[in-house]
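One structure is given here, and the rest of the page talks about it.
A, B, C, D, E and F label the chains in the order they appear, each numbered from 1.
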Amino acid sequence: MLKGPFLSKNFIGSIENFDESKIVMLGMPMDSTVSNRPGSRFAPQSIRLESIGIETYSPTFEKDMEDTLFYDAGDLDLPFGNPKRQLDIIKENVDFIYKKGKKVLGIGGEHLVTYGEIEAVCDKFENLAVIQFDAHTDLRDEYLGESLTHSGVMKKIADIIGFENIAQIGIRSGEKREFDMMKKYNTLLKKPEELNRFKDKNIFLTIDLDVLDSSLMRGTGTPEAGGFTYNELLLWLYELRNFNIIGADIVELAPDIDPGKVSTAAACTLIREVLMLL
Amino acid sequence: MLKGPFLSKNFIGSIENFDESKIVMLGMPMDSTVSNRPGSRFAPQSIRLESIGIETYSPTFEKDMEDTLFYDAGDLDLPFGNPKRQLDIIKENVDFIYKKGKKVLGIGGEHLVTYGEIEAVCDKFENLAVIQFDAHTDLRDEYLGESLTHSGVMKKIADIIGFENIAQIGIRSGEKREFDMMKKYNTLLKKPEELNRFKDKNIFLTIDLDVLDSSLMRGTGTPEAGGFTYNELLLWLYELRNFNIIGADIVELAPDIDPGKVSTAAACTLIREVLMLL
Amino acid sequence: MLKGPFLSKNFIGSIENFDESKIVMLGMPMDSTVSNRPGSRFAPQSIRLESIGIETYSPTFEKDMEDTLFYDAGDLDLPFGNPKRQLDIIKENVDFIYKKGKKVLGIGGEHLVTYGEIEAVCDKFENLAVIQFDAHTDLRDEYLGESLTHSGVMKKIADIIGFENIAQIGIRSGEKREFDMMKKYNTLLKKPEELNRFKDKNIFLTIDLDVLDSSLMRGTGTPEAGGFTYNELLLWLYELRNFNIIGADIVELAPDIDPGKVSTAAACTLIREVLMLL
Amino acid sequence: MLKGPFLSKNFIGSIENFDESKIVMLGMPMDSTVSNRPGSRFAPQSIRLESIGIETYSPTFEKDMEDTLFYDAGDLDLPFGNPKRQLDIIKENVDFIYKKGKKVLGIGGEHLVTYGEIEAVCDKFENLAVIQFDAHTDLRDEYLGESLTHSGVMKKIADIIGFENIAQIGIRSGEKREFDMMKKYNTLLKKPEELNRFKDKNIFLTIDLDVLDSSLMRGTGTPEAGGFTYNELLLWLYELRNFNIIGADIVELAPDIDPGKVSTAAACTLIREVLMLL
Amino acid sequence: MLKGPFLSKNFIGSIENFDESKIVMLGMPMDSTVSNRPGSRFAPQSIRLESIGIETYSPTFEKDMEDTLFYDAGDLDLPFGNPKRQLDIIKENVDFIYKKGKKVLGIGGEHLVTYGEIEAVCDKFENLAVIQFDAHTDLRDEYLGESLTHSGVMKKIADIIGFENIAQIGIRSGEKREFDMMKKYNTLLKKPEELNRFKDKNIFLTIDLDVLDSSLMRGTGTPEAGGFTYNELLLWLYELRNFNIIGADIVELAPDIDPGKVSTAAACTLIREVLMLL
Amino acid sequence: MLKGPFLSKNFIGSIENFDESKIVMLGMPMDSTVSNRPGSRFAPQSIRLESIGIETYSPTFEKDMEDTLFYDAGDLDLPFGNPKRQLDIIKENVDFIYKKGKKVLGIGGEHLVTYGEIEAVCDKFENLAVIQFDAHTDLRDEYLGESLTHSGVMKKIADIIGFENIAQIGIRSGEKREFDMMKKYNTLLKKPEELNRFKDKNIFLTIDLDVLDSSLMRGTGTPEAGGFTYNELLLWLYELRNFNIIGADIVELAPDIDPGKVSTAAACTLIREVLMLL
């Protein structure tokens, strides 16, 4: 073959081989149910390209991505216009990953992809909990009559695993009914220490990037001011360093909204830190 | 009430009253089946705002928009994630417009909205023909298994009114199978004079803005180089000045892709010219 | 009429009727005296469109916008090139609002609009004070020989109501003479508690959005680093929750400078919170 | 002094000395009466910077800019908010240039600057004519009650030199009354040959860049589709190569609207060609 | 392995295997000697992603990309800051491709990459000629004292193969000395028919995308108005359909300058047409 | 000469005369060794233009720029493609400045310019130390085999002045080897008080703008989340107010990546504060 040297087509630090990997990074460019700005379909590709600009070493965790044995599997090709079929394809592939004894790191796509992932893992782990970082409650029953909507993903997950297995962090937007629901079920956490009650659970971590303040995270469909700084989010993640994280996803990056790709760059270093947790 | 003066919230030149209108401009922000860049959902709102920058007088047709008695009805609120329901809402509203003896000027949204409109008008007019300006053939049977797709809208319309009632203009992109179909049914027109065979028909005019060269029309999901200049498109429209146009739409503007809103401004003057034809 | 459902053309949560309203949101797209980047003329329209992406519920005040009975009156049509006439039109309309027993929520446009508003309200309220959130002192006598300038709006207001009735918050840019003036009259507040001395006043609240750090508020003519985070600004506003706010405005958003409209989105949620104070 | 080499701070090809120059390039960043997108105030600075990317040699005229002896005088500092005073400053400086026996090449700013220039030159040349390249008629009497408006600049000039001394080229937008006026006075030229009737005049050339098709000229306040290609405009200018051009301006570039600065680059090469005519 | 379906990471239509290919697409992200806007280093990656939006079928040549047996080899990893070493890496890899009996389709990067390619092929083909589409002559001896510069690439190639083996098309910018050189050696072609004198040569085709008018090709370091429309360029290429093209490259796309990626999309369809010629 | 008034072509507050100055601001648009996003070559020009929007008075230091007697010398014209020669030109000019008894304020360009500056000053000052604000360690020995690289500039400086004379602040990205080196030599400072050990040194201050959080500093080649806020950086600088600063530079602004020029505006006020320290 050609001599090269060549730039990798994968996320930086990915190993070349699925079989030897412990974590599978899987692009899920679903982008069908957002009512505000679309564009999360381009997130996995954009993240992959931008990853060339980051280092593989994490000063926070004092570890290198190359030690995590992750494999970048590329992006699913999803049929737009049919959310149900898109979720089925996601579920099927995630299912396969766990059957092979690996963990998934999903790259959205819109937040509804988490529902497909949870459908795949919910019967594989006892004591499953979902920890959600997000600006929005995502607890709606429906939106304009549709129950499959990114603004209702946590409600659908709660229907599977129960509200007692859900932690919500960074929430600052929602309907009154949704905030009432959070109070009723006490799902909203205010301080990293409160995570302790999930210590014995098998945790799926879902990070909607709009949990970050919109000054940093401009490249997302519904940016919200008043969110976490990057370092505040890191503190929460650091708290999870000895938890049993069985899978994770990072969703709702809409890279083209942010011309300088700063949001994408932040997503890349965040992915590095999440890999350290898996 | 307040003294003002106030800026209008409608498209420039709109009359204030639905009942007195002859033409109803209706925003159809459907944006569900595009696989490439989304964003046509924001087109009607963007067009309305930019219209303040154009003149109501058309030097081409030497007429003023204010003489056309059109009414800007605003934008439908469509449930994302369910193309079928979106089309039904479009159909229902267009149906009502024709029952009131008025014509529709649809503002997309993606090209699939035309299917909803044709479903509404096809039983109201004999001898119905559809004249399509477009860069793409839009003759696919399905895309990743979905038959409701903007790249198949003309195929679905042909299934209703027959290929002999379809004219395709400006096409420069498609699969080999699609180009073969155009040849078989002789739907592709090369010169404005060829329009004459549709002179006796009741014509629904559908303009996918990507028929324009991508140097001008940057704000669309799938821009294609090699298209018409604006003046070339005007020549085609001018040829239609004595035809019986019973309805029209202008689709696939994705305004935010084009930061300076030049595509939107061009869409606005084009809407003015189409109003002259209706 | 048409069946719909339709998207509203007003700011989210607006009631349909002027007469039943208690607060009138009025767009004042004045944009004539800025020497740096213009563009605030497009703010009210942009805010109206973006408002669709926010929730009507405020978790901070635990109230819903829909309970505030506000009416979005649309945007004044102002003659560019003549600042004096623009201010007169603003004054006249604001005058009418207060004569009808309602309060104004002005949406700039440039900061000079506040002068027009204060001219309208200054003879209707005893004990009037103006609380200004801003990066700039706005205390110039003139700019290149012109006394009507957005960088001198607070000086002109002080000439009417006296410096003792002015509070300035967030100021971090100005000439030495202006900072000396702030010291002399002790107008600069450093901590929310200092607001207490205005507790018995009738307060007009004016928020120049550049008080926010330029990392968040990029869409403004003269962005300044070193400003408040969104949450810091919220803390100040929360302190005002039991004050007697008789009117307010939010000015100097220049939406097109910020391609992703994040500044506009932040302005929208801020408007929601200010509505809670009125 | 420092050794360098240094980049020039002037437009490429400018000589270093006012006194030895034959042509004075003068920035006129007036930007006060446009109702649509502002931003032409930044044009002269932007043009100066971008000029580094063009060549000084014109293949069209087979001459080099360096032979034209032009001097880039920099940009006037104009008081925003007072159009009258801005025009007076322009008039005064242009007056001085002609008294020194030189010609002006004005760089707008908005089109109203031409009025200031013509006020300065109208009593210095007999037989003065103005040749206008523009998308818009600019023949309004007033706009929202203001007579000093960029959309009425040619009407004000016609009031001075008479309609018989005005040629309008490229016009494609205006009110019916304005088009009627053009017909009445026969000011609209369709072919370069028609310029011959101005051959014996002293010609001031004014180019509103929106005469170019909006596919190329995106960076202008009111871009219009259907205009000249760059080469078509060059043909018109080439026709003028043996005319007596006594001054010129190039106006209405709004550089920041066009992120890639392509409009600015085109303005730079156009300035080179106009220098060849002076 | 995972079930998928997956999106390809290669240029659309690429086969999976180097050995079976006849044409090798090779990314050469060199971006070191441009003095104006840089950014061509991101072109190959951007082209690869955008290619998903085009069709593999060419209506011009009535052939499908999938029949050309091309293989997308990915992008070379080049050491910035050292043009000489970058060219050596390019030469080495291109050399290998031809030794395997395949042709190269180089994707720049800046125009200097062509020099590396020609160094590799010049001793493999007798009767070698280079046909250059470009806005700029690229005939400089040096730029600020550096002889390795993108504005001198054709001069360096002429030094190898002689001016009689060079055709230059679309040139509209250069120094007087360069235009004199073109005249002296008669390298500038005006009409497609003039290509006939190269019919018996082994032709390497190099397309600097700025040959296209800057209205379409905004995403390039030195955009020039007055260039070819896309269809005009196609006509030239069509003329070459029976020539012996032994290699080609497409250079100087700077994708991030053009936010909507219209330039990149045009480059993708152009690549498709060039593949038909190889 | 012309009457004016004119806008200055220099950075705001610059005196007109090199000889009377104490500080020389020198543009160093080197942009050759960055592997990620280029564009810092445009920083000095962009900073100069944007400076018109800031005040000359610093509320932090309660001084005015006009009292610092600085002279804006303009930008060096550097030969792209040859880093060695570019550094020599920088060195030569900085050398001259210090021989005239003045201090330099370098405006990058990429971070490698600091190496050229230190080469010029290292033999003029005893007890020289370099204080670096940066997101990246910049301690690499080479990058793809090149030792002249912006990611190794501090290593090359350490080779001259020793690691004991280096302070690194804000670092959050680098290879494991680089972080180990920082630990070994204890170069990383965490709190402003730790600066005290440099109190007796002659300090050259180098600020890579990416030390600021990427929410604010989007306009840089390798933006990093998790950095200082603007006010945090001001605190560090304020700590240095009684130190002996003998020169400084501000590097790695890439202005065009940030469409609204907010990064450039922040760089301008930062330059004002650094001038107060010199």
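Everything that follows uses one rule, which is that a contact is a pair of C-beta atoms (placed from the backbone, for glycine too) under 8 Å apart; a residue touches a chain by one contact, two chains touch by 3 or more.
Please read these numbers as outputs of a predicted model, since none were measured by experiment.
Q: Moving only from a chain to one it touches, give the least number of moves from subunit C to subunit F.
A: Graph distance in the chain contact network comes out at 1.
Q: Could you pull out the chain whose C-alpha mean position is farthest off from that of subunit C?
A: Following the centroid criterion, the farthest chain would be E.
Q: Upon optimal superposition of subunit B on subunit F over Cα atoms, what rotation angle is obtained, reported to the nearest 5 degrees?
A: With C-alpha atoms aligned, the rotation comes to 180 degrees.
Q: How many Å are there between the centre of subunit C and the centre of subunit E, using C-alpha atoms for each centre?
A: Distance between chain centres: 54 Å.
Q: In whole angstrom, how far does the Cα centroid of subunit E sit from the Cα centroid of subunit F?
A: 38
Q: Centroid from C-alpha atoms only, then distance subunit D to subunit E, rounded to Å. What do you get?
A: Roughly 38 Å, centre to centre.
Q: Two or more other chains touching the same residue: where does that happen in subunit D?
A: 37, 77, 213, 215-216, 259
Q: Could you please write down every pair of chains that are in touch?
A: Final set of chain pairs in contact is A-B, A-C, A-E, A-F, B-C, B-D, B-E, C-D, C-F, D-E, D-F, E-F.
Q: Which residues of subunit D touch subunit E once you look at their complex with the stated criterion?
A: Going by the criterion above, the answer is residues 52-57, 59, 64, 213, 215-216, 229-231, 234, 259-260, 262, 265-266, 269-270.
Q: Looking at the complex, which residues from subunit C come into contact with subunit F?
A: Listed in rising order, the residues are 36-37, 172-176, 179, 213-216, 218-219, 222-226, 257-259.
Q: Which subunit C residues qualify as touching subunit D in the complex?
A: Checking each residue of subunit C against subunit D gives 31-35, 37-39, 41, 77-83, 85, 143-146, 148-149, 256.
Q: So in the complex, the part of subunit E that touches subunit A is made up of which residues?
A: 1-7, 9, 18, 24, 26-27, 29, 45, 49, 73-77, 89, 92-93, 96-97, 259
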